[in-house]
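Below are two complexes that have chain A in common, paired first with chain B and then with chain C.
Up next is the complex of A and B:
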């Protein structure tokens, strides 16, 4: 379980995050909705260990993470862009984390092959990243992250650069995989529909303050999220 | 007619090389003759002398060392700068050696090289060239470490890579085309350098460019042409070896 207690972060005189606290049990996805520049990326980077917090505490399974470097946190950060390693083919991109952990070759091969089947990318295993479509790249990036069984996935608008159809396919894919593998994830987005679809828990980040909601209904009803306005708009079209 | 500008351009580039080739084999070719009256191999026979091999070896060692050291240091420094909050401020220092022409810069540094007893020595010329080429490499790689590469590095850390693995498994392989391109450019800068080598080398570090100039001063056109042909050789070989990757866009 991921637990965050009173995280604060400022850049110069600008306070980006103020007393952020949240809990994320295993197998849940916390969808964090927020406008651009509200501090979503900063929050994820602090959890990943890519930025230090000014104050507050990050715990994973009751173990304090603040002093650990990113490579020892087992929290994988996924960007909007797939950022596949251009010198490695699909197979080697997925195997990257296992090779770092010196996984025995037989086990590594079996796990990569099984994941390629799950991702529907067996035919692309030997292709280089430049030869893949946007959706395929994101699936490889996703596979590269989940093969190391991270404690938590940190998803920074991961489908934001995809066209609407591919985005919808990737959302379906994520939902199925998260359920099947019991993934824990913090999924930040500025897209209302995506937040509702991807989350099993919801939060709204505005001007550095995080509001968490006990239920989906509470999230929808809060006027700050703008969901009711959106529903009204579509009713009146 | 449409090919005319293209042919003119090829001729413009090819003409000096054709001239060197002809002059290197020409016998008694003097103004105002447009074409040599005869041919000889006697200029090339001088290649058997120890001085040529020494000059070629010196130039090659200097270019390889300057290229290798400046590329490695520049890559490492630019990576550090890309992580810094005040990167632009630090980067200004890299432009400093280019405020003067290399020869004036070399004259300015000559006092320090004399004091350190490096003037007229191979390490002195190497250091002099590094003072110019290292900032060039820093500027070259600073734009290479863009947001995309920085994010790829950060992602690698979260996948479990330590700093060493990030360098060996991600940054260096991903940057291979840029590293080769930078090395190639610095190799050429060093290989063709005359001003700095002659000022700091005091004419005692006799690289090929220094030798060419000395032959020209002695009005020995044949030997100067042979030296010039030798000067062109390694860059042409490098171009041939690297043509595949030079034609490719350097991207990550």
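Up next is the complex of A and C:
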């Protein structure tokens, strides 16, 4: 379980995050809704260990993470762009984390092959990243992250650069995989529909302050999220 | 109009860029085969046979190749190691002129500086003497058998260029973001350098590294001042043959020039073929 207590972060005189606290039990996805520049990326980077927090504590299964470097946190950060390693083919991109862990070759081969089947990318295994479509790239990026069985996935608008159809397919794919593998994830997005679809828990980040909601209904009903306004708009179209 | 301009540009490139080089190469080939020049007496392979039996020629080729490859490799290694430390300076635009400044250093000036720094009466020797070292025991660092002074100078000329190329590729290859991602996947800083930076940057910088190697292979001023007469770098070897009193050595110089040009053209063709294959 991921637990964050009173995280604060400022860049110069600008306070980006103020007393952020949240809990994420195993197998849940916390959808964090927020506008651009509200501090979503900073929050994820602090959890991943890519940025230091000014104050506060990050715990994973009751173990303090603040002093650990990113490579020892077991929290994978996924960007909006797939960011596949350009010198490696699909197979080697997915195997990257296992090779770092010196996984025996047989086990590595079996795990990569099984994941390629799950991702529907067997035919693309030997292709280089530049020969893949946007959706395929994101699936590879996703596979590369989940193969190392991270404690938590940190998803920074991962489907933001995809066209609507591919985005919808990837959302389905994520939901299915998260349920099947019991993934824990913090999923930040500025898209209302995506937040509702992807989350099993919800939060709203505004001007560095995080509001968490006990239920989906509470999240929908809060005027700050703008969901009711959106519903009204579509009713009146 | 656009077609005419393109045709004009191609013709100008052919006329000014390719034809003089091709002409010079053909002239050298004709000379090497006894077909041209004051001493030319008709077709003969005598000059080729003499060159291929000349131990100094093979040593010059070997030395030039080793120098080009080792200086290039060392320059790339140093650039990769120093990249994370120098990147913050590079990103502050006011510091950038400092990175470009060494590129203005002419090879001859670099060679003279090396002489003044590493020579037997140079700054390093004076410092060693001031610290109590017997001047007679100061090691030869210029015109030395291991060609250390020459290697140092070529490195001084190549490293700033390699570093600049890598700094530019670091940004365009999104290596900062890729490194963060690799770290969250479990890569240590050393693994990031070895498994990410090195393959990505070396691949991108390969054309530039090849050009640097070509430049070093044919370097002249620095080897002339800091290298040895035997074995000499290939450019110095060719110059020795051209400037001898023995006129029979002139065709030998032309023959060596043809070999030199063919070697570089083969390296270029191999590289272009490799790149084409990689793209497809």
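In this section, the second predicted complex is superposed on the first by the 237 of 237 C-alpha atoms of A that agree within 3 Å, B and C clash if a C-alpha of one lies under 4 Å from a C-alpha of the other, contacts with A are read in each partner's own complex, and residues count from 1 in each chain.
The criterion applied here is as follows: a residue touches a chain if its C-beta (ideal position, glycine included) is under 8 Å from a C-beta of that chain, and two chains touch if they have at least 3 such contacts.
These numbers were taken from a predicted model, which means no experiment stands behind them.
S.K.: When the two structures are superposed on chain A, do chain B and chain C clash or fit side by side?
M.R.: Superposition result for chain B and chain C: clash.
S.K.: Looking at the overlay, what does A:50 touch: chain B (first), chain C (second), both, or neither?
M.R.: A:50 contacts both chain B and chain C.
S.K.: Is A:79 touching the first partner chain B, the second partner chain C, both, or neither of them?
M.R.: So A:79 meets both chain B and chain C here.
S.K.: Do chain B and chain C touch any of the same residues on chain A, and if so, which?
M.R.: 45, 48-50, 69-71, 73-79, 81, 83, 85-87, 96-97, 100-101, 144-145, 148, 154
S.K.: Help me check something: in the complex, which residues belonging to chain A touch chain C?
M.R.: 45, 48-50, 69-71, 73-79, 81, 83, 85-87, 96-97, 100-101, 144-145, 148, 154
S.K.: In the complex of these two chains, what residues of chain A are touching chain B?
M.R.: Touching chain B: residues 45, 48-50, 69-71, 73-79, 81, 83, 85-87, 96-97, 99-101, 144-145, 148, 154 of chain A.
S.K.: What does chain C use to touch chain A in their complex?
M.R.: 173-174, 177-178, 180-188, 191, 195-196, 199-200, 203
S.K.: In the complex, go through chain B and note every residue touching chain A.
M.R.: It comes out as residues 148, 151-152, 154-155, 157-162, 165, 169-170, 173-174, 176, 251-252.
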